[in-house]
Structure formats: structure tokens, C-alpha cells
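Next come two complexes, and both contain chain A; in the first it sits with chain B, in the second with chain C.
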Partner chain A sequence: MKRREGAAGLLFLAPTIIYFVVFFALPLLISVYASFTNWNILSPKRSVVGLRNYQKLLADPKFWIALKNTFYMLIPIPIYLILGLLFAYACHKKIPWERLFRVLYYLPYISSIVALTIIWKWLFNTEFGLVNYALSSLGFAKHDWLNDPMWTKRMIVIMISWKFIGIISIYYLAVLKSVPAVYYEAAKIDGASGTQQFFKITLPLITPTTFYLAVVGLIGSLQTFIEVQLFAPDGGREYGVATIVYYIWQKAFQSSQMGYACATAMLFGLFILILTLIQLSVSRWWVYEGE
Partner chain B sequence: MKKFTTFSLIICLVLLSLSPLSAAGKKEAAPSDQVKLTFMGWGTDAEIDTYRTMIADFEKAYPNVKVEYIVVADNEFDTKLQSMIGAGSPPDVFYCMIDNFMKYTATGNLLNLSQFVNSNEIFERDNVWDQIIDLYRYDGTMLGKGDVYALPKDVSVFPIFYNVDLFKKAGVVPPTKENPWDWNDYLAAARKLTSGSGENKVYGSGAYSLESAVWSNGAEFIDQETLSTVLIDEPAFVEALQWMADLRLVHQVVPTIAESGSLNDYDRFKQGKLAMVGAGTWSLGDFWQNCDFTFDVMNWPVSPRTGKSEIWFGSAGLSVSSKTKHPQEAFNLAAYLAFYEDSQRTAYQKGQAIPMLKDMAYNEFATLDKDPAHKDVLFDVLMNHTRVASQSKTFTQDWFAEFNANVASVFDGSETARSFTQRMKPRLQALLDESIELSKEFSL
Partner chain C sequence: MKGNNMASIKRTALRLLVWFVLLCGAATMVLPFFWMVSTSLKFSNLVYTIPPKWIPDPLNWSNWKNVWKVSNLLTGIRNSSIISATVLVFATLTSSMAAFAFAKLYVPLKKVLFSILLSTMMIPLVVLLVPQFVLFSRLKWIDTLLPMIIPASLCNINMIFFLRQYLTGLPNDLMDAAKIDGASYLRIYGQIYLPLMKTAIIANTILLFMNTWNDYMGPLIFTHSQERQTVQVAIAMMNSHYLQQTDIPMVMTASLIAVLPVLLLFILAQKHFVDSFALTGIKG
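What follows is the complex of A and B.
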């Protein structure tokens, strides 16, 4: 009986397991192997080159520039976490038009990134853009957002923050609604102010969600690619906008060096893993896991 | 336990995020007694419609062949094609940009079409311009020689389009084939054509073609004999680059970098706020629809140093996979799509391309009652003033991309052409060396 149940269980799991093995585990193993070869996809000629890809990679200044730019893309995380929480809190506190706001926050998240980019390109247009119009009417200088890598990066940070505030606030709203009301009632009886309640009850109780969002956000941000490709198709002047994933894509499909690209992906994957483990170990100091 | 679950979850998330390989293509179903071909391309909605019609006609003409048409966005095309080749299941017939042609041919992915071209039932070899057949030849080291590995999907030239109304208003007489302008004439005309300010600002010229300036001045990006030495710091190159930059910086007849970023020269031209712009013949349809002024074409001015004028010409090829199980049918499809009369006719009538069939170009297209009036200039440019761009002749184009990604610093005046080219030369040389190494490593 037990055995049959076990078999049935496996059967139910099979689609997911097969999917995982075929589309993730196997390609990953192939990538590990490919990272030690000079594979270029197009040519049948292929040989093992040992650590050559890794050595070349570490000596390439563009890799380091891209790494630096990738770190820059972490800036949106605190921005959207804080703003997302504030928006969620406002919705939670039953402000008027709550439903309307919820829909509005969520819209950017489900919109096509290409459509968003076109709109943002117009917003940040140097001569005709609304942003520069607003800046100049407030007496600030106009910025050439799209031609200067530094400003393009800032624009991407603003755009990503804006895009994610909605989904983040939905997560927070869900968890805020799950905080038991008794805590607040008890706190009120003890004379705690609204601010005190927020910092002493709400914030600690939602730390597991914050932690989850921070981890997922970190992994997602480190993989920023499509924004770069759309705003600076050539990576920007002096490679000023390119990120690591952009670098990987460029090496794999434009420079015909798939082996090298795999090596970069491996190294970068290792890097994300280490960062995530650090996050995990630091988490015990601040994430509330219940009694 | 909870810690462990979280930990495993995170490891999974990280693993899922890796691997550039997870996007590889699907395997096609095996053909039965009927021949089944796959054809992959990109295009605007109008082009896709035209292709669907052509494919339907092809299937009627060859009832034993069924074609599956795969459409991919143009910016994802090459990634997808490479993934399919990597997965061992390339389409039978596919587009191949001229820049990628050498890479695909050298690595043995394209079928040699020479014998099919010589004995084909679909088009007359003599009725097609030599230039565009020769474009897709490769002899193992050099482009333009040897056997044919693709048929042209289209051909486009890149002349200067000008606003006839603005020319008349400023009293500028356009050049002719017999009396071409040189750079000084061009600048003088651009000065006369530049007027107004603010909302009413009209610029004389759009950004000048870098390739035309360099080649016409007798300079080269890389040496043409061996394609192995970067020559961008030679005086003739530096002079050409600085001349282009000065049109913008010193003479102010070209919109600034910031202005071009806000409204590109092409759109500015369509709005009647820019008098001369370099544009491809694929723009004709757009101009017909959106320009409320008369426009015409001229060849690029000659350099005072050499007295000659050169410009690149563009094309995408239709190639057949070397892995195809049905070479003859696949070639027929490629040839049908390339030289099908009705599609050539539709393409020029919609202003997407000029015909590749000589008789159609000279008889129908040349007498078409639409701008530009001097369509013969287009043929003159194609036959006498065009060449294949240098980056199309190398295995990878990274060296050229590096130049283009950074050249804006000359155009916005943050450095001179001399310092820029001196600074960039070693970088470009390293990338060109890498391209040569890759070519040696992977060519069959």
C-alpha cells in the first residue's frame, strides 16, 4: 500500500521533475562543461581548453566594468522595498480610492517592458521629454539622459524602482492583512502610539516577507538585461551601461564565444550564490521567525 | 528543518537563474512522404503578409512541398537562429544578414548554392545585378569571391535624400551625375539651407555617413588586402572623421548629439526641418506617406582629396542550411522568395526596396510616377559607387561595434578625431586579432 502511494506520488511529481531536469539541470551541467571548452555554437569544431576562458575573463576590463554596473542595479531594491511598504501601509489603512490605487500600482508590473521603455524614452527625451521640462521649469539644468551612460543608468534605476513598487506593495499588503489584530489591540491598551506600533509590531512581523523580497530582488537585479539592451543597445559609451548578463549575451551571440559566455555565467552564478548565502546568514539577526 | 527548506529553495532559485542554454529551440517533426520545409525570417506586418502570399503561391507551384513559416522579431533573430543551429535543428531556409554571412559560411552552416544557381528554373541569372549575387560569394577566406552561399532577399542603397522645396527656397542647385559636389560644395549648400531658430530651426544636413567620408577620402578602417591591420589613425581617416564632426561642432549645419537624440535626423527630415539626410531605399514608402514636400536623391559628395565617392550597400540574404534534407526544394524556395516577380513588384510599389531584376528596375520602377524624380541616381550609386562594408568581411564585428559605441565623444566635441582614433586603435586591433583567431579556430 505504502509503496503504491509512493509510486503515485512520484507520478504526480514527474512533470515538474522532468521539466526541471530537461530545461534546467541538464543545460546547467552542459554549461559547466561548456565553460571549459571553446564551443562557439556555430562550428562543429570544439575542444577542451581548460581554464583558458576563466583566465581571459578575469583579465578583461569590460567584465569588471559590467560587474560594477551590475552592482549599480541593486540600488532599486531598497527604494522599491521602502516605497512599496509605504504604499501598502497606506492602502491597508483604508485610504479613499484604495482599489483604484491598487490597480494603478499593479499596472506597470504587468505591462510589456518594450512598451514601457518606449514611454520612458519619451519621458526622458532631452528636448521634448516631460522630465526635463519639469526640471527646467523648476530651474534645474536639463540632462542628456539617453546619451550619457551615468544618466542612462540612473534612469534605469528609476524605471525599475517604479516598475516594482506595485508588485512589492501587493506582497506587503497581503502580509499586513495577516498580522493578527490582537497585537495592536494589546499595544493600544498599553498606550503605544501609531508610530511605535508600526516599528515595534508591524515591521518585525513582516521581516520574513522583506527577506524573501530582498533575496528575489537581489537575484533579479543582478540579472538586469533587457533594460540595457533597449536603452543602450551597444552597451553605452565606454561600456558604461552594460551589465554582466548583457556581457554574457554579447559574448555568446555576437562574439560567437559560447564557451566563454558559459564561463562568465558560472562565475557569476557562484557569485550570486555567495551573496545570497551571506544574506541568509545575516538574516538571523533581523528576520523574525516566530517563537 | 525550516532553515534547510529555505536554503534549498534559494539554491534552486539561483540554479534556475543560470544557464544561457535553457532557451534552445524545439526539434521539428520528421517529414513523411511529402517534403516539409521550415523557413525563418523577420519583417514588418506588410512584409510578413507578402511572404505568406508568396509561400502559398510556391506551394501551389510545387504541390509536394509544404512550408512552415517561422517569424521572429528582427532583434531576436540571430540569437534564435544560433540557438537552433546549436541544438542541431536549424530551419531549412533562413535570412542571413550580410554582417553574419562570413561567420555562418566559414563554420559550414550554409549550403553551397553555386550549382543550383547555374541550373535553375526560377530566375534568369543575367537579369540580376552582378553586385548582389557576388555579395554572397565566399572562397574560404574572402567575401565576394568563390562559390555562392546565399541569394539576396533584397538590396538597398543609401544615398542622400533631399527636400526639393527647401532647396528652391534657399536657391541651392542640386548636383548632377556629371557635376557632383565635393565636400566643400556640400558644406556651402548646408550652410545656405540652415536657417531659423527654436521651433522654426531648419538644419541643412543630417549626420554625415561615416563610411562615405572615410572611404571617399581614400582611408580605410582596416587594410583591404589582409583584413588584419586597423588603420583608423591614418591622416586621411582622421581628416574625414574630424570633417564630419565639424559639420556639427564648428559649422552647426547638423543637429547636436542631444538634438539628434531627441528627434532623430530621419524624423526631422520627414517634418521638413532638415534638408539633406542619408537614408536607405527601404524608407521610400515612409517618405511617400509622411512627407508633404517634394524630395529627390543625390549621390554622396566626392572628397576633395581623391575626387571619388563611395558608400556601402545593404542586403539580407536568403540562405539554405547545410543540414537540410531537401537541398533542391530548399533552394527553389529561396530562389522563389528572392526573385519572385510579383513580390519584387509589390516591394517597390510599397516603397520597401528597389527591384533586383534589371528589366523591372529599368522599365517599371524607373518610370514610376512618384518621388524621387532622379531614380537613375539610385542605379548609378548601386553600380558605380558602392562597396561591401569592411565589418561584413570579418568573422566577428566587435572591433567595429567598439568604434561605434564610443565615437559619439568626437561628435559631441569632448575629444578630437586624432586623440580618439589614437586611443581606440589598440583596442580595435585587439578585437580584430581576436576575430582572426576565432576565424582560424572555427573555420572548416
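What follows is the complex of A and C.
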């Protein structure tokens, strides 16, 4: 009986296991091995070069520029977390038109990055964009936003923050609704002001959600790529917009240096993993775990 | 009494201020889209007028007709529909099956298998990008839709995790009773537990559809010919030239059409949509 059930169970799990072996474990192993070779997809010769890819990588100034830009892409995380929380808090307090506001705030999130970038680029167009029009009618000089790497990066930061506010608020709203009203009533009796209630009750109770969103946000933001590829297909002037994933993509698919790209991906993947583990271990200092 | 009055005036003023800030925020969310609609209805020579016109005059509907002929949008929609439909059907099937096995069946090494699966979520996907490309080229899948279809159809870890959680909460009596009646495991899954998972599945598939339809990175890397473009690649290509040379109203029209399916789904199933976010993880 048990053997039959075990066999049935394995059959039910077969697609998942196939996926894991073929599309996850196998590529991961290939990647580890390839990172120690000079593998180029254009030439059939391939030899093990040891740590040479890693040495070359650490000596490449472009890698360090890309790393710096990658960290720049973390800026949206605190912005959308704070604005998302404030928006959720306002919705929780039953503001007029709350339902309509919520629908509108989700709008950017459900649109594709490609469509968002297209509108964004058009809004910031130097000659005919709405932004420059507004600036010039206020008496400011027009700016060539899209050819300035610093501004392109800021634009991506603003766009991502803007995109995520609505969706982040859904998570916070769900937690805010789950806080027992008794907590607030008790605080009121003790004479706690609204601000005190927010900082002493609400904020500690939402730390698990904040933690989850920060971890997921970190892993996602460190792998920012599409926005860069769409805003600055060549990586921007002086590589000023390129991120690490962009760097990997360029090495692998534009100059066919597969081994080198794998080395970069391995190093960076390891870095993200360590960062995530650090986040997990420091979490107990600030994440509220309940009674 | 007077102090109380002051406090309530202050509170009303604060609420009004908050409401005003939210209104401004809502405007930034909507105006770009409104500007897109407006531009899509302009004649291309009127796009560059200063000051910009919010309501086009005269209205030009021809973009909505011509966009199908001048762009690769139709091919893109066809390909994206094939990918989305296949992935939706098969990912739901395979993931619910896996969740059923994890939650309700005896499977040797089940706990180990599940933790391995969970740990894959910790590995940044960028690590797999290059070797997956190599694997797909060995399989002769490059420039077909298969790289977007097959892996996603075999397994969706988010969905497995979520459905397993859901099934674990359901009682085992149903299972035991069915076993006594001599029902096969396939029937127990298909006739008892699958219908019970319906709401949870709907929430997941909405999110999955959105992510599949909006995916740009996969098709960008794994396809290159015109006939294999997905809808996102098709509109990105329209816009890839210098802005001054592109037909701006046409690009805006195409982008709007590409956003429309998810938008309609959002409007029709708003409650499910919100649930799907609140209940499952965010991606991308």
C-alpha cells in the first residue's frame, strides 16, 4: 500500500523533478564548471583556465562601474516601502475615494516594463517631452535627460519607486487590517497620541512584512537589467547606466564570452546569496516575532 | 469644549491634506497613461506641438486600424497568447499535482525534496541565464517559443508552495474515505482536491498570466527572428530607433494594445487580483 502511494507520489512530482534536474541543477553545474574555462561559443576550443576569469573580472574597471550602478538600483526599495506604507495607512484610515485611489495606484504595476519605459522616454523626450515643456514654461532650462547617465539612473529609480507603491501597499494593508483593534483602544485609554500609536504599535507589528519585502526587493533590485537595456541599450555614456546583470548579458550574448560571463554570474550570485543570509541573520534584531 | 473643537478642525485639515497628497499621487499614476491614449489618437505631425494638447484635435482613429499592418504586433500577440495559454494550463496542472503530493501523499524523502525546492528560490536567476541559453541551443530551442513554455510549464515554485500550504490546511478524511472506496490517486486528486483548490488556483494564475504576458527578458535572449517575437519584444522593437524617426502615435497605440489584456483582466477580476498579490510573493 505504502509502496503504491510512494510510486504515485513520485509520478505526481515527476514534472517538478524533471524541471529541477534539467533546468536548474544541470545549468547550475554547467555554470560552475564553465566559470573556470575560457569557453567562447564561437570557437570550438575550450580549456580550463582556473581562476583567470575571476582575476580578469576583478581587474576590469567596467565591472566596478557596473557594481556601483547596481547598488544605485537599491535606492527605490526604501522609497517604495515608505510611500507604500503611508498609502496603505491612509487607505486603512478610510480616506474618501479610497477604492478608486487603490485601483489607480496599481495601474503601473500591472503594465509591462516595456510599455512603461516607452511612456517614460516620451515624457522625458528632450524636445517634445511633457517634462521639459513643464520645466521650460516655469522658466527652467531644458535638459537632455536620456543622454545623461546620471539622470537615466535617477529616472529608473523614480520609475521603479513609482511602479511599486501600489503593490507594496497591498501587503501593508493586509497586515494593518489584521492588527486587533483592542491594541489601539488600550493605547488610547493610556493616553497615547496617534503618532505614538503608529510608532509603538503599528511599526513593530509590520516589521515581518517589511523584512519580507526588503529581502525580495533586494534580490530583485540587484538583478536590475531590463530597465537598463531599454533605457540605455549600449549601457549609457561611459557605461554609466550598466548594471552587473547587464554586464553579464553583454559579455555572454554580445561578445560570446560564455566562460567569463559564467564567472561573473557565479561571483555575483554568491554575493547576493551571502547578502540574503546576512539579512536573515540580522533580522532577529529588528523583526518583531510576536508573543 | 473649545479645545476639542480646535483638535477636530486640525484633524479635518490633516485629513484634507493627506487626501490632497493622495490625489496628486493618483494623478502621477494616471496621467502618463492618459497622455499615451491622447498621443495614440493624434496625427503624427501634431505630436510635436508646443504647448502639448491633452485632447487631440482632430481625433485620428487610423492608428488603431493601421498598427496591425505596419507593425509586428499581431505576430507578437499570437506568440504571447500561445505561450501564456500553454504555460497557464500546464503550470496549473503540474504545480497542483506536485502540491497534492507534497501535502497529502506519502513520498520517500518528501521533506528533503521540498527543502531542496525551496532553496532554489534563494539562488539568483542570473546564475542560470548563460547555461540555460547553452542548454536551449543544444536542444535546438533557440528562436522557438519552447524556452518560454517548457520550463515554466513543468514547475512553478511559487504556486507549488502556495497550494501546498492551502492543501495542508484541508482535512485528510476525504482522502481516507476515497481510499476505502478504492479510488485511484489520480481520481482523488482530480475529483476531490483539484476542485477544492479552485480559488487558490485562480489567484495564482492571474499573477502567472501577468508575469508571462509582460515577460521581456526571456524572449529577448532566447528568440531573434520576427516570427518569434512576443508582444513585448514587438513593441520594444518599434521604439528602439531614435524617437524622432519613429511614428510616436503608432508606438503608443501598440503599447496600449499590449497593456490591454492584463488591464481588462484586472478590471474584471479586481478582487482576485488583489488577493493574488497579498497571498503570493511578488516577482520582478
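Methods note: the second predicted complex is superposed on the first by the 262 of 291 C-alpha atoms of A that agree within 3 Å, B and C clash if a C-alpha of one lies under 4 Å from a C-alpha of the other, contacts with A are read in each partner's own complex, and residues count from 1 in each chain.
Following the convention adopted for this analysis, a residue touches a chain if its C-beta (ideal position, glycine included) is under 8 Å from a C-beta of that chain, and two chains touch if they have at least 3 such contacts.
Predicted model only: the values in this text are computed from it and were never measured.
Trainee: Quick check on the chain A-based superposition: chain B and chain C, clash or fit?
Mentor: clash
Trainee: Go through the superposed model and pick first if A:Trp162 touches only chain B, second if only chain C, both, or neither.
Mentor: second
Trainee: Can A:Tyr106 be said to touch chain B (first), chain C (second), both, or neither?
Mentor: Once the two structures are laid over each other on A, A:Tyr106 reaches chain C alone.
Trainee: Could you look at A:Val282 and tell me whether it touches chain B, chain C, both or neither (first, second, both, neither)?
Mentor: Touch partners of A:Val282: none, neither chain B nor chain C.
Trainee: For A:Leu58, decide between first (touching chain B), second (touching chain C), both and neither.
Mentor: neither
Trainee: Between chain B and chain C, which makes contact with more of the residues in chain A?
Mentor: C
Trainee: For A:Phe128, using the defined touch cut-off, is the partner it touches chain B, chain C, both, or neither? Pick first, second, both or neither.
Mentor: Both: A:Phe128 reaches chain B and chain C.
Trainee: Pick one for A:Pro44: touches chain B only (first), chain C only (second), both, or neither.
Mentor: first
Trainee: In the overlay, answer first, second, both or neither for which of chain B and chain C A:Pro15 touches.
Mentor: Touch partner of A:Pro15: chain C, not chain B.
Trainee: In the superposed arrangement, which partner chain does A:Ala186 touch: chain B (first), chain C (second), both, or neither?
Mentor: Neither: A:Ala186 stays clear of chain B and chain C.
Trainee: With both complexes superposed on chain A, which partner does A:Pro27 reach: first (chain B), second (chain C), both or neither?
Mentor: A:Pro27 contacts both chain B and chain C.
Trainee: After fitting the two complexes on their shared chain A, where does chain B collide with chain C, if the options are 55-63, 73-81 or 127-135?
Mentor: 73-81
Trainee: If I apply the document's touch criterion, which positions on chain A are contacted by chain B in one structure and by chain C in the other?
Mentor: 23-24, 27-28, 30-31, 34, 41, 125, 127-128, 216, 219, 223, 229, 248-249, 252-253, 258, 261-262, 265-266, 269, 272-273, 276.
Trainee: Which of the residues in chain A end up touching chain C in this complex?
Mentor: Going by the criterion above, the answer is residues 2, 5-6, 8-10, 12-13, 15-20, 22-24, 26-28, 30-31, 34, 41, 87, 90, 95-97, 100-101, 103-108, 110-115, 117-123, 125, 127-128, 130, 133, 137, 162, 165-167, 170-171, 174, 213, 216, 219-220, 222-223, 225-226, 229-230, 233, 244-245, 248-249, 252-253, 258, 261-262, 265-266, 268-269, 272-273, 276.
Trainee: Taking the complex as given, what residues does chain A use to touch chain B?
Mentor: The touching residues are 23-25, 27-28, 30-31, 34, 38, 40-45, 125-129, 144, 146-147, 215-216, 219, 223, 229, 234-239, 248-249, 252-258, 261-262, 265-266, 269, 272-273, 276, 280, 289.
Trainee: So in the complex, the part of chain C that touches chain A is made up of which residues?
Mentor: 15, 18-19, 22-23, 25-26, 28-30, 32-33, 35-36, 39, 47-48, 50-52, 94-95, 97-98, 100-102, 105-108, 110, 113, 116-117, 120, 122-135, 137, 150-151, 153-155, 160, 185-186, 189, 210, 213-214, 216-217, 220-221, 232, 235-236, 239-240, 243-244, 248, 251-252, 255-256, 258-259, 262-263, 266, 270, 273-274, 277-278, 281-284
Trainee: Once bound in the complex, which stretches of chain B touch chain A?
Mentor: Touch list, chain B to chain A: 2, 6-7, 10-11, 13-22, 24, 75, 78-79, 82-83, 85-86, 103-104, 107-109, 257-259, 261-263, 395-398, 401, 404-406, 408-409, 412, 434, 438, 441-444.
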